[in-house]
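There are two complexes below, and they share chain A, which is joined by chain B in the first and by chain C in the second.
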Partner chain A sequence: MRYPFPVGTVDFIQGDEAIARAAILAGCRFYAGYPITPASEIFEAMSIYMPLVDGVSIQMEDEIGSIAAVVGASWAGAKSMTATSGPGFSLMMENLGYAIMTETPLVLVNVQRSGPSTGQPTLAAQGDLMQAIWGTHGDHSLIVLAPATVQEAFDMTIKAFNLAEKYRTPVILLTDAEVGHMRERVYAPHPDELELIYRKLPANEEEAKYPFGDIHGDLVPPMPVFGKGHHTYVTGLTHDEKGRPKTVESEIHEKLLKRIVEKIEKNKKDIVDYEGYGLEDAEIVIIGFGIVTRSAMRAVKELRKKGIKAGLLKLNVLWPFDFELIERIAEKAGKIYVVEMNLGQLYHMVKEGANGKVPVELIPKIGGEIHTPKEIIERIKDNLR
Partner chain B sequence: MRKEVLIGGFGGQGVILSSVILGRAAAVYEGLYSVQTQAYGPQSRGGASKAEVVISDELIDYPKALNPDYAVLLSQQAYEKYLSLVKEGGIVIVEKDLIPNRNEELEKNFRVHAIPFTKLAEESTGLSLTMNILTLGFLVKLTGIVSEEAIEKAVLDSIPKGTEHLNLKALKKGFELGEKALKGEL
Partner chain C sequence: MAKEIYTKYKMAKYLRKEALPTALCPGCGGGTVLNAFANAIDQLGIDPRDLVVVSGIGCSAWIASPYFLADTLHTTHGRAIAYATGVKVGLPDKKVVVISGDGDLAGIGGNHLIHAARRNIDITVILVNNFIYGMTGGQVAPTTPFGAITTTSPYRNVEHPLNIAETVTSAGASYVARWTTFHVYQLIESIKRALSVKGFALVEAISQCPVQFGRRNRMKTPTEMLRWFQRNSVLISKARNMSPNELEGKIVVGELVNREKPEFTEELNSLIEEVSKHYGLGDNNAD
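Then we have the complex of A and B:
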């Protein structure tokens, strides 16, 4: 297999480009999208690369159609992805729910910009966190990852595909205009270095009869492929283990939804990922995700130079959310600060995790610029006075 | 070692491209970490254009230039907006012909090199648009932020086919000017 970009070596590319290349390395062979700043570069790269790897990249009529095409391609057996930003993300909510209900593996990239509505198209924000987790209606679960560097955008795209395939679920890569547009040193692994996961297929005709049944006891049913001779029914309506609509039987609905939620929640240990810095002795802990953790990291280093015991918790996975981890930190720290580019979203989750054991304070910022380290440092020092 | 570079000018001068080439030279050919960011707006030509490159031998946390060690200012607007951000004692490279109004008092804080890059580019390659590469050559020679070999390879990676000769000529003219500036002959 020849790749239309360098592998097994270092390159200097944008975050968006890194996501496109990593997707192809992860085995993605179907992309459908609609151009939108600041995610268009992903689509541009896919349009160049996909024909060269026998894949498909298609422009749909809008974002609703884009994710619908991705759901269809995934059921036809292809690892599939779409990418968008705020306004398009809102349009995708409906079919994101369909993908969750039909347990369709896919990767949805949201290169966040400032909203609501068309907002600030070229500037970064982190205002879609709650929407990524809870934006589609009904009880559900899914997986949300957040990169802070171009290298992480690359690595987490591969991880996103692996998790999507392993747990038969949509995975959201929640990045932003800053990471998407910055160019940075990236090591693109050679395919031999990668461990790729592919979805479980029915082992035989009998297994293929239960595309929504927990027949292996791992909460993840094998997924039949369209066109392989199985008779499979796929619907967004509540369905039984064979996929047949059963819309009024409460026990069937409860069983289905509980399994969809539990296959994520019960595998939290496998999915959750974070990085800590200075947490061993930190009296002040800054918690954040994505681009702002780079400002926070600098702030922590500077504060430590001044003798203030600060630490950083950088969350790489935002859902499932490790509330217990936050509680453990709250038991040791004197104070928690949450740094985010919105008016308070992660803040509420951290507060729930901290469970009243320690004060939690928000350091918000909106308008498109990332926090400077100085802004974070001064806010913390003001409180120490 | 963390070095911050700010390049400011107007759209069409090749500000962004020169920042990408510098970042690439560091990351791909020097084995360093580097990040390039740019002020990204709807404008393309004529509007203000700013790019930043941070280069380090360790992982880069905050990705933007806070107090640039080196600044390349190619328009009056960029000069007025960014000069005061430069670190005390930092190197400031100024497009002499495009920045008629200078702040001598403020410039005392820095090592300033004012050179008519656009004119020199036109004289040496016949094309004023090679100014960005010439200026990059000057910056690299003067500061040693990356090696001449690294920047040359990164230039060749980043320019359209058929323009290699022209761009290398501009780059080498930049090295030459940088050499003179180092010797105090400019």
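Then we have the complex of A and C:
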């Protein structure tokens, strides 16, 4: 098949546009959305592209309806996605929990803007990190990815679909207004270069009877999608392996929830991804994610020029969180700095990972602007004086 | 016990055996609606494998799931129609039915109801209206009659109820009807029509909740509530010649609308055809 955009070549496009194109390359054929700055361009691109690839993009009455329709379409068998920003992300929290509980593969893009509430609609922030991981109520797990460049937004969108399908879970692509609205050179792979994952379907009628049973021992049940005559029963209530509601049996609840959490946790090695720079000999390690790591990278290079052994750890996956990686770094480094565009969220996770082995200091910034390399350098140098 | 039920009641073949007996209170109208729905499916000869039934939260939501033997999606409070929208777009050839209550579909989920009707998406909604939030203990609903007693309007309800069927008619649905659990045969006929029509279809089934509503409003038994439905119902043809004063407190029953209109998923599919005709990329892999 052909695509309504260049593939196997480079283009110069916005992050939001890159996410839409990558989703289509990943096989996404259902999109439901509601307009919101700075994520609307994803929706607009989907509206243009989807009918050209025999897909559907629809506008719902709100973000609650958008993610609900996405869950419905996913059970109808389609790879499905929605995108939003802070206020819409808040509205999606309940049905995100439903998707986790019912093990529904979907991709939810949050192009972060500055909050709380309507905040600064056009300006970037990283204030939704904790919400992305813990925003929906109850015990749970899911996957959160964070791109720092338009190319990464593209690549991680494809990865998000693969992980969602592989582990039957919602995946959040946590980007921000800077990456979303920035134009950069992007290489869009040819479909032949891509390895796409599709959800595991039941091999036979017997397997279809256990939509929530670990029948293959890999913690991920095959998904008996609708319309095949399986009589699948799906509920957000606590359910047994057959999907039947079991709301007062504590052992069934524990078994279900532990599997949902463990299918992510035990596959951490397959899911987590990070990039290190200068970590081999770094005495000072900067840790961050997303757009701000580009400033941090520059800061690290400048510090190294001045003879300060600095390093960068850029986290591409924020959940599951690699606490052990942080601990290994903490064992070698003299000090860790966490750079983030909020008042301290990743900081707490890094502190937990560092486990008291090394001082961890936060370099926060809010208001919609990215830290400049100079701001990071000065803060570090101040401490060295 | 299950065996007895299955030989005695013909419609029980459409139910999930393991989910029986139902959790509905004795005298609840939910069973009547479930029975009417099963009869409609049976009479139309619809294979349950071609059905996806979606519901929200509350007593009436349980009619669809777990009780009905089909692909069923038991969703979050108020959002059933939005979930069903995704299902229908993904599986346009299947019958997608939403069964849920008044608080769920017209209260917290009212916006989805209105907009699905406006889109005229081919979903059949059976809205069980019992005037009350039953599962949570009998709180006031957007459908509770003016003056009625509930646990959160213990002195009297000072709000006026939403006319759901009229609202959905105005919003643009293809088919809208309202009956009560007293009018079982009419209810079955309307559900059949709702399932057959192409477009958004709503059947509002006024139903008795003697436990949470009747008990506090001088209708302790299901029989008293059904008599109230009988006495208070006015056929729509008659209601058209009645003044608002005369209609105060009455239940207008019948078919409010049955019209042909472009349907959403068909429009989406013809859009795909149009777009690929005018801007099509072809399916050769020449690049």
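A few points about this structure:
Operating definition for what follows: the second predicted complex is superposed on the first by the 385 of 385 C-alpha atoms of A that agree within 3 Å, B and C clash if a C-alpha of one lies under 4 Å from a C-alpha of the other, contacts with A are read in each partner's own complex, and residues count from 1 in each chain.
Keep this in mind: contacts are C-beta pairs under 8 Å (C-beta built on N, C-alpha and C of every residue); 3 or more make two chains touch, one makes a residue touch a chain.
Keep in mind the model is a prediction, meaning the values are calculated, not measured.
By the touch criterion defined above, A:G213 lies against neither chain B nor chain C after alignment on the C-alpha atoms of chain A.
Looking at the shared chain after the overlay, A:G119 reaches neither chain B nor chain C. Touch criterion not met for A:P35: it reaches neither chain B nor chain C.
In the superposition on chain A, A:G229 contacts chain C only, with no contact to chain B. Of the two partner chains placed by superposition, A:G276 touches none, neither chain B nor chain C. Legend: residue contacts after superposition of the two complexes on their common chain; A:P364 is shown touching neither chain B nor chain C. In the superposed model, A:I64 lies in contact with chain C only, and not with chain B.
Between chain B and chain C, it is C that contacts the larger number of residues in chain A.
By the touch criterion defined above, A:P189 reaches neither chain B nor chain C. No residue of chain A lies in contact with both chain B in one complex and chain C in the other. Here chain A touches chain C in the complex through residues 1-4, 7-8, 30, 32, 51-52, 54, 56, 58, 60-62, 64-66, 68-78, 80, 94-95, 98, 226-237, 244-245, going by the rule given at the top. The touching residues of chain C, when paired with chain A in their complex, are 16, 18-19, 48-49, 52, 54, 65-66, 69-76, 79, 82-91, 93-94, 111-112, 114-115, 268, 271-272, 275-276, 279-287. By the touch rule above, chain B contacts chain A in their complex via residues 20, 23-24, 26-28, 31-38, 40-42, 60-64, 66.
On the chain A side of its complex with chain B, the touching residues are 10-12, 38, 122, 150, 177-178, 181-185, 291, 294-295, 297-298, 301, 370, 372-374.
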